[in-house]
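Heads up, the next two complexes both have subunit A, just with different partners, subunit B and then subunit C.
Right, the complex of A and B next:
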């Protein structure tokens, strides 16, 4: 028995020894930890030191060791400061806060401020400690608590402690008042309802002498004004006080406490100016009161130092924002002009930033600094150049477009690649908007393409081609001459230029003979050969070139044999696209030679119906509205013919071309059937040589060959059906018809006739029923119900939106539905069947969504309408589309 | 509003960090490193301005060299950046008044003091005290309470 006892005792002794060995006697000091961490050579080494120390700290925490708690939390803060997670120390901070020792409390609060996250339980505990400390008799303990509360208050804490803070806001101690005011700001931002509670206490804040209280008081009033328009009115009467404060600061002599490089408390001045701006916005009377002092600040502040400029900057913003006198505005814009010329880059940067903000309010004023802004395009600093470029585009107007564009193009030539794409796109938009004449427009676009080289985005190429295609003959001739020059001399590594040049030279090859002394057929073919056999040209460029060469052959018969040779060589090209082209075109030369002429006819000038499916979701709304208009025309024109082609774009296709295809069909079908005969395939006349359309062409050419290329699916839809009963009523597959007709009627070789016939006769085949995806009610508020039904073909989803006025008496007018989808999707909103809704009536609108990447479909909606003359606006987000729409 | 303040050494090492609003700041070493790297790269460009866009587009990093240390503050892009730039100077002048011989070493060894001084001047990202003398008088008073 005794031996067992002995064994147990021995074991316990041994255990104690081991425990003492493992347990470090004292935790290392912060100083030593810092040395260890800093001597770590690599990130991994540092991490291992940190991990080891964290483990040790955890261990002592677990032992409830209160002697080293303070030291451990300090070390933990250091570790956290380096970016490592240290949230396990939160509870220890709370324990320190509860300690009666001030040093512990101080570290505890510091830790709480830096370590606390959103964990509820910890918040509950700290609220209690805070409450106690806010009632403490010592101002420093109160100060610590206020400071912490201002940094970490959660909504619950804000509610629980607002009373205490309000009481302290009226304290006689400036130090406490200052901190209480900043606490109130945080509390209000977390729980806006509590604003009213602090309102009475703000009354005396502006008559303070202490700058600390003044600055926090003004911060408090500012955030109140921003939060609630009512309070804004309430504080209008304080403008006088603020003006006085500012005047004292400007006029006051040297005060050592708040002097920064000879300026009296610039931080306070900036705060006052900010509040004045908010109070004076849209208020004539308030603005008038502050005009004088703003002028005084603007003229008296020294602009040689950064502090002075910080104040001037704020003054300028205030002057531009309030209803200031014209003279004052001129003064403000002149200050910005001086900023722009400043050697200090910071000030230049800020000036450009401000001008960008101001340019929409007062374009005329900013125009005065145009030359200086243009100078900034040549600045050595990239950020300055970027800002200057944005500003330049905002400044373009019809009267200065020539000079501005000249500068921007020379900027484009030397710009970094990252600028080129954006800049060239913006150039195109600006040229489109403000071009004085077509010749200039063409010139500009060509210059842009040349200047931007390979960074030109695809849509710029398409735009240029379209512009040339729809311009007059003289301009086309000019473009051919220009482009031929480029084409014959151009280096082969600038793809966009080659694409435009080959398209234009092919399409208008008949003008080539008029260029200079006339271009011989041999020269032309040599150039094409150079492109087609070059290893520098991309596949897309070669696609352009090979189709262009086909056109060339039909316009310049002398080149026939050489072109046929080139084309047939492509029949074995490694690139599948090019190979297909090669094979198909060879067929055109051999078996279907009779079709070749009509097939390759000149495109009819297509209408400006470019669909801009914006990449930018924010711009999507506007873009959709813009695109809807021409489309609507198409729909209306078509009422007689009952033919609308709805075209689906496969992933890589260019939607511009598709709408053009639509436009082309409509026009020819409606107005000029004769022309259609001579130009059998208007769809092929799309501006860019879209591969899908080439497929269509190829399919036709190949005729009975069977392989349609098949990436383009189009269908005709009974137009009446669209408007009344939705897509499902009468539709057929245009492509099938085109293919069937073309193969069976090849002898007639009047393909167009068949196309038109088939669209007119409208064989009916039903689309898959929309029940497949069910219907979705996306909105049901304000007496309006929106229901969506879906139809999908490959990546294209057609959504039928039915809006119903569910009220019994209210008339809805000017109904506007806008939608945006994620960037990887493309959205097209068609015109609604009506924009007004009588009680219980409904309207339909079609939405097309192209989702080539099978991304999850989400949609943001913005709705606006007038209900009995009262405007209603609403927004909504739809996340519950049936997954079958993109999972297929 | 300020989001955080970082002091970095010439070698891109973190000497000091203070997060004014823990929920809105990078909380891992890599995030901090990228912030510092951005400013370092920018400061080496020819005639740079002292503002760099943050990863979060609505914020701008404002940096300023003081000897071998770089102070970086992250602020709303719409803030008065020149003022933020000036504030970095104000903070450093407060520090140099507090520590008689302010050096890199003092910054490394006294993180808690740096936090406390900063806390007197900025709370929750808002500047509350513009006079270093005032701020320091309080800090010194607190230092004396060693109970």
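Right, the complex of A and C next:
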């Protein structure tokens, strides 16, 4: 019994000890806590110190201990900075703020700024304290309240406290006035209609002597001008005052209080320059008033230090933005030119960044600094090189394209991998736009492909092939010679070059005999064997090569047996695509040898609209593929794996279209940008031979996934029926019907084809205004805004989609918009006006929706684009179309 | 200015000031992201980053990085001057400031910043005025503390 008592007593003692430890009479000091935390060796140890301290802090909070509250909140703020939760201190901050002690208030407001922001509900409570403190007789208490309000004011707080702030804005104390001005800025940004209230108080701000009040006053006026055009007009009359302020700053002698390395108050100067820019924008008279002072600042500011350059930079921005004299603009661009020569990376960066902004306004002036800009391509700083590259592309014009391209290609050769894709794409675009002749163009594209190695985007390969295919015989002969040389000597690890080379050498194999002393058949086959047996070559390259070897065999009969051997070996290749080619092509050598010649005839040049391609090379891929072959190619638009099939379509032979049809199917049919599902089947009873094709279409309609495509292939291959069907005359007719008769029921499935055909015929300019249905913003994320406007004629609705790049710096490329509608509707997407968007630029795309049943219009969207080279994909569903589009 | 961060070469946050509201989670994410990005940059690179739709201006002073996020139309070269001004003020106040001063007196570092920048805008361009205001407020604090217990019991210590 006694031992039990003893145990209990001991336990009670221990419990007391523990309790005393946790609840120390005096909580440890802030500096001691920091020391403790810093001495923790591991993260776990730190965590345990923090947890223990947080427990102690909570305990004192719960006891409503006001003596240690300040110390505890301060500790909590340190703990918060380390990333631990500290929200339980919010109420304590408010209690501190309500305390009469200045120390309490100082820590309380600091805590409020760190732990609360405008989303917190506790604001009602803080608003009262703020109101009291704004009326405090102590300027520093007022100052704390103003500072906090400026950092965390919510719309409600702004409304409740605007009167107080307005009163303080007229205070005789400069310390209060300057902080009140910033508060006013915050209040206006939260509740725009409160702007008017502060207007009278701004009257005297510009005649201030105190720089603190002056700079915050100008900040206030600037934000008023930005916020409301009416106010902007109101402040036009202050241009003279601002010019005088700036003049005094520039002319005044040394004033130790505001001097920064020999420059008089750069902070104020920059603020004035910025406001002048806003006032002078688009206003000739205001611009004229400030011309002189801008010239003065531009010429008199010391440019050896960062601070002087900060002012010059702001001056240049103002000069370029207002309606300044030509001489002044040249001066501004020359300042940027001088910046480019500066050793300071920051200044160089700023110069390139600004030149990029002004290059479209004053191209000539910027051209003068071309050599310096080209020099920046070799800078050690990657960010500078990136800017310089962008600027170089903006500077290319017909007269300098040769030299610029030479520099850019040598830049491309040594550039980081991350640059290569973007740079090569841009080179292709620029070459397309400005090439002086085809020979140069071909040369340039080949150089780009060689320089960028494996980083070449697939569209560049397609572009090059297309260019060569549509050029004259002499150029083709030249290309064969060039590429044969590369092909026979190139290392096998640069796929894009091999792809272009095999395509060209196969297609135009007849020119091989003219290369140098003539290439022997043996040599050619040896080169192909090297590629086809190499483990370094990708499957796609081999696809190019195997098809190319078939072409070769039909153009150089001596290679027949060797090619047949190579091809038949591929009949058992592990890669399904290659195996399929192997099996098909072997059939062409054996059972259908007579068909081989016509089937492998030369491709006609691809049709495409040059304009489009010059807008963006990336579009060329899709355009080329879709234009070259009907239906099937349209289906694998986005499918680079199918490049072989895409470039392999001799149009004379419909059977080839069927080949392509199958080729197109083997990769996911869900890449199809149209709703194929709703395609009605063609009229029944066209004969049994057709059933395979009918099935194909059925499969297309029902499938929509890669799986169904896959099974289809294996079935047709197993039947050995692929060519049978393809060459049967009945099916030929059917295909004709399917592919050419766009008025047939199959309207939908021939959309890809249609899209191309109708780009020219669409009467864009005659579209009546679409106001009656209003506009609909269907997407607004990731710096991209999509707006639709509508126009309806009976069951046919034409939707104009406008895509706008809402960012200020990011370039969008390869924009792809895909959409699907419910079954009973038919959808047609026309080609977009462009696929790339510079900052703030827009593109349009027409969408036709046929809705004979007046069904509810809904749309599923799939979007993808590259933002500065980074791929972004997104999906969206639109359910809020105006009902007027289908009702009535 | 949208926010300012101070962090060490080891990536530890030393001060954070937000002038635009974000949820706590977002703040942490932004901080982590910027610290990693900036620490990965080489010393010979420029002090500017384009990040989301903001411009990031950073500068290293000894073991501390000062990092500001500014709007597109703000002047990044001048932001470097604001950072420099802040460092000068801390230096004057602490007397040759080092990272430890800022760790152990983080609240003072905040007070200093609040006198220089309010609501993300520079509100005082005279160093003298800032230091004067800070000194006067420190004095207010001292006056309230019982003389013998200055840093012993009731102060933050």
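One rule holds in what follows: the second predicted complex is superposed on the first by the 568 of 888 C-alpha atoms of A that agree within 3 Å, B and C clash if a C-alpha of one lies under 4 Å from a C-alpha of the other, contacts with A are read in each partner's own complex, and residues count from 1 in each chain.
Rule of thumb we're sticking to: a contact is a pair of C-beta atoms (placed from the backbone, for glycine too) under 8 Å apart; a residue touches a chain by one contact, two chains touch by 3 or more.
Just so you know, these numbers come straight off a predicted model, no measurement behind them.
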Does the subunit A-based superposition show subunit B and subunit C clashing or fitting? clash
Just subunit B (first), just subunit C (second), both, or neither: which does A:298 touch? neither
Based on the superposed arrangement, let me know which partner A:211 touches: subunit B (first), subunit C (second), both, or neither? both
Return first, second, both or neither, reflecting whether A:807 touches subunit B, subunit C, both chains, or no partner chain. second
Given the touch rule stated above, what does A:32 touch, subunit B (first), subunit C (second), both, or neither? second
Quick check for you: in the superposed arrangement, does A:134 touch first (subunit B), second (subunit C), both or neither? neither
For A:70, using the defined touch cut-off, is the partner it touches subunit B, subunit C, both, or neither? Pick first, second, both or neither. second
Partner chain in contact with A:81 - subunit B first, subunit C second, else both or neither: both
Would you sort A:307 into first (subunit B), second (subunit C), both or neither based on which partner it touches? both
State whether A:43 touches subunit B only (first), subunit C only (second), both chains, or neither. first
Both subunit B and subunit C touch subunit A at residues 31, 34, 38, 74, 77-78, 81-83, 101-103, 106-107, 110, 113-114, 117-118, 140, 143, 147, 150-152, 175, 178-179, 182, 185-186, 211-212, 215-216, 219, 257-258, 260, 265-268, 270, 306-307, 309-310, 313-314, 345-350, 380-384
Quick check on the complex: what are the subunit C residues that touch subunit A? 13-19, 21-24, 28, 44-50, 53, 72-73, 75-78, 80-82, 85, 103-104, 106-107, 110-111, 114, 118-129, 133, 136-137, 140-141, 144-145, 153-157
Considering the complex alone, what residue numbers of subunit A touch subunit B? 31, 34, 38, 43, 74, 77-78, 81-85, 101-103, 106-107, 110, 113-118, 140, 143, 147, 150-152, 175, 178-179, 182, 185-186, 211-212, 215-216, 219, 256-258, 260, 265-268, 270, 306-307, 309-310, 313-314, 345-350, 353, 380-384
The residues of subunit A that touch subunit C in their complex are 26, 29-32, 34, 38, 67, 70-71, 74, 77-78, 81-83, 87, 101-103, 106-107, 110, 113-114, 117-119, 138, 140, 143, 146-147, 150-152, 175, 178-179, 181-183, 185-186, 211-212, 215-216, 219, 257-258, 260, 265-268, 270, 274, 306-307, 309-311, 313-314, 345-350, 380-384, 783, 807-809
Any idea which subunit B residues touch subunit A in the complex? 13-14, 16-23, 26-32, 45-51, 53, 77, 80-83, 85-87, 90, 108-109, 111-112, 115-116, 119, 123-124, 126-131, 133-134, 138, 141-142, 145-147
